[in-house]
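Same chain, two partners: subunit A is paired with subunit B first, then with subunit C.
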Partner chain A sequence: MDKANYKIGTKEFVATMLLIIGISVSDDTSAILFQTMKNTAWMQPILSAIIIIIPLILLIKVVNVYKDKDMSEIIIHLFGKYIGSFTLFALWVLLTIRIIIESAIYTNIIETMFYSKTPPIVIYIFLMVVCGYIAIKGAVHITSIAWVVLPAIKISFLTSLLLTIGYGNLNFLFPILGPGEKVIMKESFLKASIYIDFLFLCFLLPYLKNRNVFQKASRIALPILIVELAIAFIIFLIFFDYSAAKLQNFPYHEILRYIHVGFLTNMESFFFPFWLMATFVRFSIYIYINLHIVRKVFKIERTEFLMPGLLALVILIGLIPDSPSFTLFNMKLHYFNILSPIFIVFPFLLWIVAYSKGDFKSG
Partner chain B sequence: MKDRIVINKSDKQNINRPISPQLSKSLEAFKAIYSFPTNQDIAIRELTISSLNKRAFLFFIKTITDVTTIDQDIIKPLLKNKEKDASIEQIIVTPSIKKEKLTKSIVEKINNGNAALFIQDDSQAYLIDCAKFKERGIERSENEIVIKGPKETFVEGVSTNISLIRKKIKNENLVFETTTISERAHDEVFIGYVKNLANDTLIKEVKKRLNKIDIDSLQNLAILEQYLEDRPRSVYPTILYTERPDRTCTFLERGCVVLLMNNSADALILPITFWDLFHSAEDEYLRFLNGNFTRFIRLIAFLITVHISAVYIAITTFHPEMIPTDLLLAISATKAKVPFTPIIEILLMEIAFELIREAGLRVPLPIGPTIGIVGALILGQAAVQANIVSPIVVIIVALGALSSFVIGDIGLNFSFRISRFIFIVLAYFFGLYGIVAVFMVLVIYLLSITSFGVPYLSPQTPSYLGSGQDTVHRKLLTKRYYRPKYFKPKDTTRS
Partner chain C sequence: MGKSLQRFTLLVTTLLFLSGCWNQVELDKIAYVVAMGIDKEDDKIRITYLIVNPEYGTQPTGSSDVEPFAIFSFVADDLAIAKNIANTIVNKTVSYYILNQVLISEEIAQTDEFIHWLYDMTKITEVRKDLELIITKELAYDYLTKFNPALEKRPYKLFREMIRRNKESAFIPSNSELFYYLRITETDNDLYLAVYSTNEQDGVQKPSGDHRFHYDKEEIKVKGTTNKAQYLGSAVFKKGKMIGHLTEQETILSTILNENLRGDQNIYKSFTDPFNEQYTITTKMDILKKSSINLDLDKTPSTIDVEIPLTISVLTNHTMVDYYHDEKKRQELKKHIEDSLQKEFTQFIKRTQEEFKGEPFGWSLDARRHFRTNQQFEKFNWMESYPKMDVRVKVKVKFGSFGRQADVLDIRKVREKE
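So, the complex of A and B:
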C-alpha cells in the first residue's frame, strides 16, 4: 500500500492537519456548538485547545521517547499484549464510528445543498470509492496531495469569509459570556474532541521524516486552527444570531448561499469544489489510518484488499438513518461527548505508564 | 512480432570467421556478402602497392563514404609511395586507422562508412574512417518555438548533435558513451552525461534498461522512449523529448542523462518531472517578471484546457444557478433550438476540433489554407446556423483547444487532451462533484508516478530544501544557489 520512496515532511503534515481539522468549520460542528454554548461558541476552539495542550504535550513526549516504535507498538509495549490490543481495537472502533458519522453528514451536505435530486446512496458510494482509491496510494501521497491543494482551499475559504463583511450585526456577539462560565467550561471540556485527529494522526509516525516533524507540525497547525475556527464561528454568529444558527445544520454553506459578488448572485458552486477537495483528503486519511490500525491489530499485511469491505460497511451503516438531518446531528453531538474524555485522558495514561516504566530516564 | 532474418548456416559460419590472407578468397567472400555486382553502390578498387610489391583491394560503399578522402588520402599515397619499409599506417594519411581480423567486425565497419583495405598475405584488414552520411542542415526549431533564445535544433546525424551540445558545455567531464541495442540494424544509442554531476545509480539504471531491450531494429528515439519509460500505458510521459540543444544542455547541467541516436532529430532526457515538461526554456531566458507572467498564463491555459468543457457541462446540467441570470437567459435562448444535450454538443465539437487539428498537421501545403477555411466555415459557422451546436459551445471548445497549444511539450499536450475527455465524461455523470473527484484522482496518480526514481511532482511535494521551488513561479536567477536536489546530483551548488 505504501510504495513511496520518500517520507512525509513538515509542510505536508501541517497541510494535512489544517485540512482535516479545519474542515470542521464547514459541517455541523458549529451548529452543535451553537446549540449547547449559545453565543459563546467561538470561545470553544480556544478553550478546548488550552485544555488539550497538556495531553498533546504528553503525547508528543511519549512518542519522542520511543523513537523506533510506531503508535501501535508503543501502546502494546506500554499496556501489555492483551490490554494494548484491546486499546487498539477500541481506537479502531471509535475511528470507524467517526468515519461513518462524518461521511454520512458530508453526504447529507452534498445532497441537500447541491444535488437534491440525486439519491444519497449514489453520492455516498462515489465519495467512498474515490476516497478509497486515494487511500490505497498510501499516507505519503495523501499528505502530499494535501499540500498541493491547501493553498487553493485556504484562499477560497478566506475569500468566502471576506465576502461576508458588511452583512450581519456585531451586537449578536453580546452578552460575551452568554450562558455563563460553568456552561462554557463544561462544554469546552466535552467538545474537545474537535482536535482528536491529532491522536489519530499519530498512527502516521512511521512515515514521517523524523519524530520532530510531528512536534513542529502540531506547533504550527494548532495556533492556525484555533484562529481559523474561532474567527469562522464569530462570523457565523455575527451573520445569523445563535438561535438561527443552531437551527441550521450547516451554517457555512448557508453563508455561501447568502454572499454575492456584483453580478454573480449564487456563489456556492464556486466554493463547492474547494470544500470537496478538503473532504476527499479528510476521508482518505481516515480510511488509510483505519486500515493501518487493522493491519496492526489483526496482523493482516495487505489490507488494501479489505478496502471494499470497509467501504461497504461505512456506506451501509451510514445510510441507515432515515432523517439524517436530525439523527446524525444528535449522534454527532453525543459522540463528541464520548470522545472528548477519551482524548484528554488517554495521553495521560500513556505518559503515566511510560513514566512508571522508567523509559523517560533512560531516554 | 520480431521479424528475424533467416541466415543460412554457411553464411553464419562465414561471417564469424577471420578473413583469409589470400586476397582472391577474401575478395570473393566480400563480393558474396555484399551481393556485388547486383548491389550498385559497392565500389572495389584493386591496386598494386609497388613499393611493398603487394596487391591490395579497397572495399567501400560509395554512397556513404567521402570519395575525395579515399582518393586523396588512401589511394594516392598508396600508389605514389616510394619507401620500401613503410607500414600501411605510415602511408595512409587519414586521422584514424583500425585493424580487424574477423569478417563480422569488418562488415560492421564497412556498413558504418569505413573503407576496408585488404593486403595480400595480411590476415588483418585496415579500416579507414571516411564516413559521410548525408543529412539536413541545422534549421530553426518548428515545434518548440521561442522568441528570445537560441533557435537551433538537432538534426538526424549524431555527430552534429553532439557538436551542438559540446558547443555549449565545453567541459572535459561531458561524456558520451555508446551502446548497441538492436541485433540486425546495430543501432547505436549515445548516452551523454556530465561525469561529475550525474548520479551513478541513474547511469547504471539507464544502461541496464537499454541492455534489456531485445529487438531487431530500432527506428529512432521516439520508439526507444516507449521501451525505456517506467509506465508505457500511462497518460503522462516520464521522459522528455526535445529538439532543442539549449534545453538539453540545461538538463545535462542539472545532472540528467541525455540519449541521442542517428536518424533522430531530437534528444531524450531523463529523469524528468511534471514541472520540467510544463516549463519551457523561454521562462528562464525572459526577465524575472516576464518569465513569471508567461508561467502564470501557462497555468491558466492548463486549467482552462483541461476543465472548461467539463465545467460547462457540469454547470448547465447540475448547477445552473451559478450562472448570472442574464447570461443564463442568453444561453438557454440559443440552446432552445439545439436538439442535443450539452454533452453530445461538446463531444461533437471536441471530436470535430481534434479532426481539424490532425488534418491540419498532415494536409499538403498547396491546399492548406482552403481546408482551413472549410473547417472554420463548416464546423463553426454553418453548424451553428444549422442549430446543430449552440454558439457558446463553439466558443468553449475553441478556447479550450487554443489553450492547449500554450503547453509546448508534445507529450504533455496529448496528456491534457486525453485527460480532458475523462473530465467531460465524469462531469456529465456527477457535475462539479465528478470534476473534483477526477482532479483529485489525477493528482494522486501523478504523485505516485516516478521517473527513474524521481517523484513526478518534485519539487512541489517531496520538499527538498534549496531546490528553488521552481514550480508555478520562478525565482530571480541570481538567487538560485543550488541545483534541484531531486535528481540527486553529485554537486549541488551552482557556483
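So, the complex of A and C:
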C-alpha cells in the first residue's frame, strides 16, 4: 500500500494524535460524560490521563525493546502464535466496532445538525468512500495531511470557543465536587478509553522514522490533549450548565448554532468544513490501521482490495440501529466502559510477559 | 507527488459536500419567517407568521406595490407540523432560519401546557437558541396584524434594534432569550424573565394590576403616526410557566441585582428631588464595580447581604440647587438617593419572596460555591429556601458627572430681581 519511502516524523505523528483524539470534543463524548459526571466532567480528561500514564509508559517501553518488530509481531512474539493471533484478532474486532460506532455517530451529527433532508445512507457512503480513498494512499500521507491541516482546525476550534466568552457563568462549575468523589473516580476509570487511540496508533510503528518518534510524540501530545479536552469541557459547562448540557447530544455543535460575530449569525457553516477535515483524517487512519491488522493477521499482501468490503461492512452495520440518537449513544457508553479496563490492563500484560522473557535485560 | 496528492485529496473531500444537495433550496423559493406568534385556540395553538419579502427595497424605483412583509396565521397541533400546514397555503418553503422573535400571548404563557409547546422549539434544527421570547398582553395574532411601522419597513432590523436598545435601558430584561428559558427552567433554581410587550392602544398596564408601570402608554400618553408597539417590563416565569409581571422599574432593579448580565446598560432613573418634592431628579446609573453578594447559609434563617456600588450621574436639577459648590447638599442628595433605592430594593425583594417565591437574579449561582457536592446543593433546595432568607441590600452611591454643565444658575437670585 505504501509506495513512498519516506516515513512519519514526530510532528506528523503529534498532529495525528491531536486530531483524532482531540476531535472527541466535538461529538457526543462530552454528552456521555455530562450524564454521569455532571459538572465535574472537566476533571475526567485529567484524571483518566493520570490513570493511563503508567500503562502508556509500559507500552512505550515494550515497543522500544523490540526495535525491529512491529506491533503485531511483538504480540505474536510475546503471546505465542495462537494466543497472539487471537489477541490481534480481538484487537481488530474492537477497532472495527469502534469505527462502526464512531462513523455512525458522525453521520448522525452531519445529518441532524447540517443536512437534515439527505438520506443518512448517502452521507454514510460519501463519508466512508472519501476516508477509504484517503486510507488507500497510505499512513504516511494521512499523517502529513494531518500536519498540514492541524493549524487550520485548531485555530477554528479555538475561535469558536473564544466566541463563547461572556455568554456563560463560571458558577456553573460549582458545586465543585459535583456528584461526589466516588462517582468522579469511578467514571474517570471507566472512561479512560478516551485515550485508547494511543494503543491503536502503535500499529503504525513500521512507518515511523524511528522508535523514539512514538515516545516523543506521546510526550508532546498527551499534555496538549489533557489541556484541550479539559478546557473544552469547562467551556461547555460554563455555557450550558450541567442540566442543559446533559440533554444535548452534541454540545459543541449546539454552541456553534448559538454564537454569532456581529451581523454574521449562522456561524456553524463556517466551522463545518474544518470539522469535516478532522473527521476525514480520523476515519482514514482508523481504516488504514484496520486493514493493516488484517494484512498481518490473515497474511494478505494487497489489502486495498478489501477496502470496499470493509467499507460496506461498516456502512451496513452502522445503519442498523433504529433511533440513532439513543442507541448509538448507549452503545458508545457501554463500549467505552468495556474498552477502558482493556486499555489499562493490556500494556501491563505485554510488559509482564516481556519482562519474564528476559527481553529487557538483553536490551 | 506530495502536492498533487494533497490537491487531489482536497478535491475528493469536497465530494462530501454533495450530500448537501438534498438540502439545497433556492433563495427565492424560501419564505423566511422573522417573527412568530403563538396563541391558544381551543386545544391547539394558533401560529402567526410574519414572513419577510427579500425582494422589497431591491428595486431602485421603489415600486409601492411590493409588500415588505406578510402576516399569515393558522391553527396547528404543534410547532413541528406547522410548517407543512403553512405550506399548503404559503407558496414558498417556510424556513425558521432567521427567526429571531417569538411572540407568545400571556394567555398561553400562563397555562401549565405552555412548556410542552415551547419544547417543540428544541427539536427543530433550524431554530436558533438566541431568539427572543416576548410575552404579549393581547393575542399575538392581534399584535402582529397591527404591526405597521412607518419608518423602518424591514421587520428583522427593526425587531433586533428595538430589543437591543431597550435592554440597554434595562426596561426589559437582558437574559431573555430562548436559551435562558431552557437553561433556567431545567436547573430549576431561579426565575426566568421574558420581555413584555403590547401593541394595544392602552399600553401594558392592566386596569386591575396594582404595580404601576411608570412609562406605560397611558402614563406617557403616546400620540403620533408610527408603530406604537411598546416593549416594557418583564414577564416572570417559574418552572416554565408565567406567574406574574415586573414593572419596568422593577426590571431595572432586577438587572442591577443580577451579576450575570453582560453589562452594557444605560440605565436612567428618576427620583423625587429631596429639596423640592414637586420636582424629580433624573440620574444615569452605572454599575462600574461588581456588586458583592455574601451568602451565609449556615445561619438560620440564612442571610444574603448584597452591597451594590453605583456610580450616579445627576442629569437634571430643576430646583437649581448649587451642588457644584455645596458639599453638604451633595451629601444630602446622595443619602436621599441611597435611601430611596434601598427602600425600592427591599420592597422588590420582599415581593419576590412573598409573591413569586423565587428570585430572577441568578443568586443560586453564587450559592453553588458554598456546597461541595450536587447532592448537598439539591438538599438545600434553593428555590424553597429563598423565601425564608433574610436579605439585606445596601446601596453605595458615588457621584459621577453632573451633566455637561455641572453648575446651574442661582434661580432665586434671578427671580429676586423681578
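In the analysis below, the second predicted complex is superposed on the first by the 363 of 363 C-alpha atoms of A that agree within 3 Å, B and C clash if a C-alpha of one lies under 4 Å from a C-alpha of the other, contacts with A are read in each partner's own complex, and residues count from 1 in each chain.
Just so it is clear, contacts are C-beta pairs under 8 Å (C-beta built on N, C-alpha and C of every residue); 3 or more make two chains touch, one makes a residue touch a chain.
In this text, all values refer to a predicted model and were calculated from it rather than measured experimentally.
Trainee: Should the pairing of subunit B and subunit C on subunit A count as a clash or a fit in the superposition?
Mentor: clash
Trainee: Return first, second, both or neither, reflecting whether A:Thr327 touches subunit B, subunit C, both chains, or no partner chain.
Mentor: So A:Thr327 meets neither subunit B nor subunit C here.
Trainee: What is the contact status of A:Thr164 with respect to subunit B (first) and subunit C (second): first, second, both, or neither?
Mentor: A:Thr164 sits against neither subunit B nor subunit C.
Trainee: If we overlay the two complexes on their shared chain A, which of subunit B and subunit C does A:Tyr133 touch? Say first, second, both or neither.
Mentor: both
Trainee: Kindly classify A:Val148 by the partners it touches after superposition: subunit B alone (first), subunit C alone (second), both, or neither?
Mentor: both
Trainee: Taking the superposition as given, does A:Glu12 touch the first partner, subunit B, the second, subunit C, both, or neither?
Mentor: It touches subunit B, and subunit C stays clear.
Trainee: Under the stated touch criterion, name the partner, subunit B or subunit C, that contacts more residues in subunit A.
Mentor: The partner with more contacted residues on subunit A is C.
Trainee: Would you sort A:Leu264 into first (subunit B), second (subunit C), both or neither based on which partner it touches?
Mentor: The first partner, subunit B, only.
Trainee: Taking the superposition as given, does A:Gln215 touch the first partner, subunit B, the second, subunit C, both, or neither?
Mentor: neither
Trainee: Between subunit B (first) and subunit C (second), which does A:Met113 come into contact with in this model arrangement: first, second, both, or neither?
Mentor: Second partner only.
Trainee: Kindly classify A:Met277 by the partners it touches after superposition: subunit B alone (first), subunit C alone (second), both, or neither?
Mentor: both
Trainee: Running through the overlay: 276-284, 384-392 or 438-446 are the candidate stretches of subunit B; which one clashes with subunit C?
Mentor: 438-446
Trainee: Once the two structures are fitted together, what part of subunit A is touched by subunit B and by subunit C alike?
Mentor: Dual-contact residues (subunit A): 4, 110, 114-115, 123, 126, 130, 133-134, 137, 141, 144-145, 148, 265-266, 276-277, 280.
Trainee: Which positions of subunit A touch subunit C when the two form their complex?
Mentor: The touching residues are 4, 38-39, 110, 112-119, 122-123, 126-127, 129-130, 133-134, 137, 141, 144-145, 148, 166, 169, 171-172, 174-180, 240-241, 243-244, 247, 254, 257-258, 260, 265-266, 276-277, 280.
Trainee: Give the list of subunit B residues in touch with subunit A in this complex.
Mentor: Touch list, subunit B to subunit A: 315, 318-319, 321-322, 324-326, 430-437, 439-441, 443-444, 447-448, 450, 453, 455, 457, 460-463.
Trainee: Would you pull the subunit C residues touching subunit A in the complex into a rising list?
Mentor: Subunit C residues touching subunit A: 1-2, 5-6, 9, 12-13, 15-16, 18-23, 97-98, 125, 128-130, 179, 182-183, 186-188, 260, 262, 362, 365-366, 368-369, 371-377.
Trainee: Tell me, which parts of subunit A touch subunit B in their complex?
Mentor: Answer in residue numbers: 3-6, 9, 11-12, 110, 114-115, 123, 126, 130, 133-134, 137-138, 141-142, 144-145, 147-149, 263-266, 269-270, 272-273, 276-277, 280-281.
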